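What follows are several structures.
There are two complexes below, and they share chain A, which is joined by chain B in the first and by chain C in the second.
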Partner chain A sequence: MTATNAVEGLKRARRGVGVAGRGPATPSPRGRQGRTTLGRSWGTLTAFALPSLILLVLLNLFPVIYAFLQSLQNGTPSTLPWEADFVGLQNYVTVLTSPQFWQAAEFTLVFTIVGVFGSWIVGLGLALLLRTRIPANTVFKVLLLLPWIVPIVVSSTAWNWLVATPQSPLPVLFSWFGLDNVNFLGDPLLAQILVCVFKVWISFPFMMMMMSAALASVDTNVYEAARVDGANSWQTFTGITLPMISRSTYIAWILMTIFCVNDFPTIFLLTQGGPVNATTTLIVLAYQYAFQNLQTGIGTAIAFIMTAVLVLISVVLYRQIKKVNIE
Partner chain B sequence: MSQILHADSQAPVTLGRLDSKSGKADISTGQRGKWWRFLLILVVTLLIIAPIIAVVVLSTQPSQSTSSATGFTLANYVFVFTQTDVLLWLQNSIIVALATVIVAVAVAAPAGYVLSRVRNRLVSGYSLILFVIQSLPVVTAVIPLFITFSVLGLTNTLASVAIVYIGSTMSVAIWMMAAYIDSIPISLEEAAWMDGASVFGSFTRIVMRNSLPGILSTAIFSFLLAWNDYLIALIFLQDQSVYTLPKGLETFFQQNATDWGSVMAVAVVMMIPPVIVFAFLNKYFSVGGIGGSLAGR
Partner chain C sequence: MTSESKVNGFTRRGFIGLAGAAAASTLLAACSAGGGSSSSGTKPIKFWNMPWGAPTAFPQEDKAIVAAYKPKSGLPAVSYQQIQWANFTQTFTTAVAANTNPSVSSGGGTTAFLFEKEGKIHYADDVINKVWASNGIKDDFLPGLLDTMKTKNGYAAVPYNLDMRLYWYNKQLMDKAGASLPTDWDSFEAACKALKKIGVFGYGTYSGAGAFTGGHTLVAHMINNGGGLFDKDQNVNVVTDQNIQAMEWVLGLVKNGYVDPRSATYTSANAYSQMNAGAFGMIWDGAGTPANVNANVASQLVVGDPLVGPSGQKGALYFPNNIFMFKNSPSIAGSEAFLNYYYQNMKTLWTKKTGIGLPPLKSIAQAAYADDPSATKIIDTWQPISKTWGAPGSNTVFYNVTKVDGTQPMIAFAQSILGGNTTAKDALTTLQKALESA
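After this line comes the complex of A and B, so read on.
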């Protein structure tokens, strides 16, 4: 890096831009010439973008179009598109009128809301705490990232061990408080709470990182001004800190919403969507239809409805970001 | 929370501390507040990582089914490495993850350059495509890919999962590279162009040479995606000989009486690479970069 900078400096010096490149630049002619070089090299730029474009089309766009076709057909995961019966929008009608879909949609909503705001509150709280001067600050930062770094298969194994049988640690802990036979994987409500808490546990480090980055960019001068004006700490938090990090917060919410709705392993590994479908989210339902019931049409129809809603939510939040940017 | 902000607002602000790094320096209180917060964060951290500590501890305990003794033992590790396919699955996981990282970075770096440097309608359209792709659930793409790969005879191969991983990491990888390249001043390149360098020349000699942190973050992101995935492996890999670790771990779970010692030993093997990557390279990994580039366009 430094070597390159030195070479650049030398070049600039040779052109008389300034001693060792530190002098004032002469932007207009150089800038124009630079733009022309970039503008003229569209061949190179196309070659740069092409491999990624081909991969994106083949691995992302093509499957989605194909999947849409499948959602209009009555196929299994092994039938080819021209072998399956075309049924039009029948699958969508079936899906939208089935109670299973609405039950899954309801839990997806709960799971997403708890996942997004739960992880945001925990993440922001820890980010605020870690911003202060604490011994071994960095060590805590790295340790707290662990739930996010550790593979989901490993963490679900750990949580499974915590609750699997009546002799597992958590049920034993609950029995000390007089709650005997707490069966986290057998009781619908407890299973729902368990997967939500598990999701928050996995996701808060991501929020913590995003919020730490946002907090680091807040100018501390503003706090001083607020103190002079007599604001208390809660007023400072809601009046200054939150608005100043609002842009990052919206971005984090969008990303986390996408992560939550699209999250298959968190639920599938812990409960398989059970008991009695209590923890089945839309994505788990789509998987079950496509690969367990072998009704690909219904599975993809569910996935498409889910995606449509997700894109809608993302666009609304995205607009909100734009608004914040203008302000 | 309120306590901290209170402390913050009372901290003396001196002019020397008003630069971008001032956040930490300003928030200083007395020793007592500091230790109170230290204890709080210590307890919270321990509670949070307790399940992970449990994994490590259990992996070194004798299994109840084979012996009644307690205490430290490496028998579980010896067992999973010699009596099961774990070594093979580990190898598979490494191959798949490395292939994903290499292809993802090689393709995303030049694409990120275009996204960062060129401003026209085509590129904004391209960026919009990336945004839409990012919000599509993997399950939608997986079903058609599964059928396509069956036709091509690719299912049940390591290549099939690596290809899907490359596809699912691509959009974020391009964003991350673009966000990093944004931070490399274009004036450096303009100077090279003045001297007759081509765009390809300035890309390789200036942008790539200065992009190590960006490349590393993209690589880490792709590596974690490939290493940690469960869904794709679940659907595409049916034969034990091509299992990756996440899919292999499942075979250790039995209907009743799971041998937790072996399970946790495999789990530890699985989490070592990501933890090492993070311990050494975490400074290169900034999530803010992804978010920032997402909102900026």
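After this line comes the complex of A and C, so read on.
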């Protein structure tokens, strides 16, 4: 049989038609078998996909729907949806008219801006530094990753030890310079600064890795060309490096924004939102409502407002990424 | 021949049948667990306990007590689970929502009352009034203690161990400062003044991350002055003359430099390191304070006498931690039988010094503290004058207490008073508003 004949034969077989010139076109057993196989394939596919689909719905969609339902009710963490009273959007109104919410929102904004740009500047700076020929480069890389690797319970305890009591290293250091009684955790402004600095400290290694990867992908010939054209270091950095890594930068900003807004342990372990709510962020406030005040509705309402804002920020930054791609 | 695949003797059809049977039996088991009235005695009941004492000694002894339980015929055995303090409210509420809660459990001091409000608690009235009235345990509780657990529907829980807020003084530092032992608010202030002269803070406390003691102590002062947080209807009522006077006293101590300015944000570890450094001459804390400081300092610590407040009253705050039963249990009879067994046999937790709080029973206190004057003094002089969060309206624990026990409004209130940048009335008014909206 030639190749052409073989192809035709297959086509006929798929249509369920017999060999040309050998009688009427009756459906062949092969044709029936073909349809049966296809039917079985769909069945098999469904059987295999269904558990995953059910899991996806259960793990992702159901909790979101359940939480949204809770945000419209006045239940406690142990109240089931049919046990709690439906209060409509009252929880959202309560949240949005509460001064505590806006105080927390304001600090969340500051914490996020400092966290994102602080860690980016430090991370990018170190990534650039690590591209130069410095001795023991690998050792530095490992050491710089430590703040990211160490469990946050350990690092928050270490930072508490660093600042909390008059015998702690930083207050002692400050007293050498005549600044006695600097109360890092007790003064609202200093506590806010401390929490932000701590966030930058635990986050910069992530940024450093992201930026190192981005810098590694930039073609070195571009720098050669810039050098030949007489560009100085600053011009090279602003005119070449930053634009070339802008896509990775936007992605890193999106991720770090999400990390900062949703960062519960950093605040909770170091200050628990104090002193007098000065370092309470929205996620900490949501926790306090849900699990300390046992007002799950208000807690989840805060969480949904946060999610909406995060989605908005992510969309704006994502559009920037697309713009970069087009250009 | 069928096209069914056959692997290791299992046919696909057989496997599906087996899986179906397993699912059905799981479903049936779940349904029966939710019924709460089964007393078949076949399924073990769950006992959850918190890590109340030393990390190794307490759970080891506690497990041994539970393991020695031999249920009577027809009653179920008991399984033991220790629940960590971290996020324990979530642990309980999630378990209750999922119907996987224990049958018998301890928890936070107010956990039982949260679930009592939701109708999940099996009242302990039968155990107390029938079983314990006949075997003597009911009369063995410390004075007034059992009644702190009573709600309008019955006993939501039974007292298990006690924590209270009192003060300890460092004898060595007091002697060095030439300070007299305080008996009332004025003499306490005078002792603080003397301690300040040797560079020591007289009023030691802490209210930072994870530390609720600062707020507890402030409420203890309110109770000492005839005040407190709740009226007789169990509603929040904090802006009272007695409370304002008590907070003005503390603000005065802060402004005079008798309180470490960092106290507002100290963790317990920070406060104990200040004790070890000799920076605190006195500390408002729990009965177990000496166990948290180094041996040298611990040997110098003495329990102070309850102070007489300006109104001539004595008073303090205490927390009757408790054990409770859930309605959702494979066997209510099994829960009650185990509870009775546990109370009859829990003495060794104290006599073996596993670090649990003060005992609820007089017989245990006598057996455990014959050679411990501090613990004896706490039981004899502080417990009788102490009241629950319900003061001044009542001396009980109830649902609204969950709004003040370790909550953010109380932490913020304590931090504002200990920070000193407020007035008593402003701080109390802010607290009132925060608690009303909670």
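In this section, the second predicted complex is superposed on the first by the 271 of 327 C-alpha atoms of A that agree within 3 Å, B and C clash if a C-alpha of one lies under 4 Å from a C-alpha of the other, contacts with A are read in each partner's own complex, and residues count from 1 in each chain.
Everything that follows uses one rule, which is that contacts are C-beta pairs under 8 Å (C-beta built on N, C-alpha and C of every residue); 3 or more make two chains touch, one makes a residue touch a chain.
Since this is a predicted model, take the numbers as computed values, not measurements.
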Clash or fit (per the criteria above) of chain B with chain C on chain A: clash
Touching partner for A:Thr271 - first (chain B), second (chain C), both, neither: second
Touching partner for A:Leu59 - first (chain B), second (chain C), both, neither: first
Of chain C and chain B, partner touching more chain A residues: B
Which of chain B and chain C A:Leu126 touches, first, second, both or neither: first
Partner chain(s) touched by A:Ser78 [first = chain B, second = chain C, both, neither]: both
Which of chain B and chain C A:Gly230 touches, first, second, both or neither: neither
Touched partner set for A:Gly88, first chain B, second chain C, both or neither: neither
Superposition clash, chain C against chain B - the stretch among 8-16, 98-106, 134-142 or 314-322 that is involved: 98-106
Intersection of chain A interface sets (partners chain B, chain C): 77-80, 164, 268-269, 291
In the complex with chain B, residue positions of chain A that touch it: 1, 4, 8, 11-12, 15, 25, 30-31, 33-34, 37-38, 41, 44-45, 47-49, 51-53, 55-56, 58-64, 66-67, 70, 77-81, 125-126, 128-136, 140, 142-147, 149-155, 157-159, 161-162, 164, 169, 201, 206, 209-210, 213-221, 223-224, 226-227, 231-234, 236-237, 241, 247-248, 250-252, 254-255, 258, 261-262, 264-265, 268-269, 283, 286-287, 290-291, 296, 299-300, 303-304, 306-307, 310-311, 314, 318, 321, 325
In the complex with chain A, residue positions of chain C that touch it: 87, 89-90, 92-94, 96-97, 114-115, 118, 120, 207-210, 261-262, 264-267, 269-270, 273-274, 277, 279, 402-403, 406-409, 411-412, 415-416, 419, 437-438
Contacting residues of chain A [partner chain C, same complex]: 76-80, 83, 94, 98, 160, 164-167, 181, 183, 185-186, 191, 268-277, 280, 288, 291-295
In the complex with chain A, residue positions of chain B that touch it: 1-10, 13, 17-18, 20, 22-24, 26-29, 34, 37-38, 40-42, 44-45, 48-49, 51-52, 54-55, 58, 107-108, 110-111, 113-114, 117-118, 126, 129-130, 132-148, 150-151, 163-164, 166-168, 170-171, 174, 186-195, 198-200, 203, 205-206, 209-210, 212, 224, 227-228, 230-231, 235, 245-246, 249-250, 258, 260, 263-264, 267, 270-271, 274-275, 278-279, 282, 286-288, 290-292, 294-295
